[in-house]
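So the structure is just underneath, and the comments pick up after that.
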């Protein structure tokens, strides 16, 4: 059964999503069903990653006699849709399944009072299926389809609280942005199809000739995925969507954002890896976008008064670190000595930062959701003195804030450290911006901590209590992961991150379908 | 491709539709019109893909009651499949956007995009 | 908006549209069309019935119709047919073709008049997709219809 | 299994971190233990002294989130003015920015610069 894992990874959440509406009004049943399905998919993704890290790329050809039958006899081009899972895809799959699981646990009590929960959980699992499809697929058109699935499910969840007008506003903004980006991706896919007559990522990458039309396609793909992952100056949808979405959906929505980042890396590395001169140009664009993203994101975060909006701007700013780290690696991809010296570590920092950021930002957004759950407001000006009432939330928040600011021994430290050291080798100015951003990040979280948790206990929160147990469990899982990843970063780096980075660097392996053809 | 206007005519239309779509999204004030702009974009992209799939002298890839001379001249139906998928997705996107628009109208009392911006800053 | 003209036209056209929709779904593996197109045509027949009737009657009728269940059924059926291929093949492998099962007749090579009993899983997939699409599109229009009619009453 | 992470110009080991934590904790304790223990709970010492005035309600004296870093934001007023002007929240601007950035990126990629 192990060779069918890539198909099962997508089929399982879809199965869960289609069963969920049949639960009708049994809200408790459907919550447990969602936790069950997402829990199983975590196990599946761990199995998949183990398989990929030990045995290399897994191919899965849909509708063929054998899963590995890439080129049927007599064909020189692949004709079927196929999934191609390398270590980078498996890495993203772990993040997606883990965060959906945590989100489902958290949602158990966070959205208890809302109606229409069977649709909520169906959309949650559909979002998970969309992300998993995006990160596992080896086919450009399939990428577009799953991008749209994730976009539609995500925006429907953003607008889930339809009794709030703001939720619908955020929903239509997110949907508009994601559908325009997806359509431009489809346009680029059409350009590739017109030139090479195929949609397989590896096949196109082998034959791509880098004429002007290809570069236009790359520009479209780059801009679209950069918008979907929230790079400045196309980041405006991020705070809107993250603020209005129920906090239980924040973790999978974050992963959906970074699935677009994954697609950006996949396009820049795998699809255009053979281009020698222009790749450094792409790397520089990525690094500069990264620096802009982190700086503008963090300065906007400093002046926010809405706690979730503040954290969403930090999500933008942290995306900049990933773009910077991987951009530095991309710049020196065709220079073996520099790549070995710092390029590989820069990419490791960028990729490691993805999972670190997903963990601690989900934790922080969940604590913000807990604050909203207890106080009924997101405005920081109206909060205060909640540390005594909500001790576990406070501790989770402190861990998350320390991690996002890059304090040892929490997980943000290791990846930021790698990014500082390596970007310094490329250009010290990049590092200066990265460090200033880190300082400002700490400053703005001190502001949240001081105004929401510290201070004299307010009378209006006299009889408020700690949030229910499922929410606490979800937050504690992530807090524990923060500390574990921070104390033993080299274990995670060796087992997960360096295989993923090497999968990106050794693009020849991907181009030959894992050596099958 | 012999470069004549007639061969490239579908692509010129695609370019015009793309420009029109982005103009509609970017400069119309009514939210419904902005949604229509997205639909125009989608039509442009679909038309682009269908135009790519056109082969002069080719036949539709359907064997049911096909003429005898069609054998060996059938075109690959991939572009049509892509377009259909994208149309299906477009239906879902449009329905969801319009649903949001209805909800926005209920809560804001307007569809003017310059006033539908409580979330900013 | 229900005038005599609309009502009479609907009475004549709706059955034809529904039959045509089912035809497109069932012949999806032989002629242009298939699950989505047939489902859309079928749904447009149902939508015609919806808009030609008064709001209360439509609501009363469609509260009893299991549209959500039909939608789930279609999707689950699709997944199930896909998983059928996992028996010794891969996901979505056409495992029924040429097996002698329903829709599993021998597929002729080359030009043929079109035999309905062929296609294997394709026919099943078309039917399930058609079910899902007709239920989905109908419920989309139904919801908009009910919302807008209610708003009109409130105005 | 070693837990040392070697980076291009340094390393990280949780054991060293724990040792340093203990060391600095010890130093902090030494400084603390040399202090003067004159603080008493349950006395007037814990109450704020406002020149003899009565202490106002807690909600009034609390420092609001909007007032934290007031000086910093005031100093960067020009910068923030531009930023606020950019963040219009208008859905059309989102797409127009995308168009602009896409055009610039494509222009650079096809060799314009």
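Quick notes on this structure:
Order of writing sets the chain letters: A, B, C and D. Residues in each chain are counted from 1.
Basically, a residue touches a chain if its C-beta (ideal position, glycine included) is under 8 Å from a C-beta of that chain, and two chains touch if they have at least 3 such contacts.
Quantities reported herein were computed from a predicted structural model and do not represent experimental measurements.
With steps allowed only between chains in touch, the distance from chain C over to chain D comes to 2.
One inter-chain figure worth recording: chain B and chain C are separated by 23 Å, centre to centre, where each centre is the mean of the chain's CA atoms. One finds 46 Å separating the Cα centroids of chain B and chain D. Separating the centre of chain A from that of chain C, both taken as means of CA atoms, is a distance of 36 Å. Taking each chain's centre as the average of its CA atoms, chain A and chain B sit 28 Å apart. Within chain D, residues 87, 89, 91, 95 each touch two or more of the remaining chains. Contact with two or more other chains is made by no residue of chain C.
Across the assembly, chain B contributes residues 25, 31, 34, 116-119, 121 that each touch 2 or more other chains. All chain pairs that touch, listed by label, are A-B, A-C, A-D, B-C, B-D.
Looking at the complex, you find that chain B touches chain D at residues 22, 25-28, 31, 34, 113-114, 116-121. Across the complex, chain B is touched by residues 141, 144-145, 148, 152, 155-156, 159, 162, 164-166, 168-173, 175-176, 179-180, 182-183, 186-187, 189-190, 193-194, 197, 199, 239-240, 243-244, 304 of chain A. The part of chain C that touches chain B in the complex is made up of residues 30-32, 36-37, 110-114, 137, 140, 143-144, 147-148.
By the touch rule above, chain D contacts chain A in their complex via residues 1-10, 12, 14, 17, 57-59, 61-66, 68-69, 72-73, 76, 79-80, 83, 86-87, 89, 91, 93-95, 97-98, 101-102, 105-111. Listing the residues of chain D that touch chain B in their complex gives 84, 87-92, 95-96, 99.
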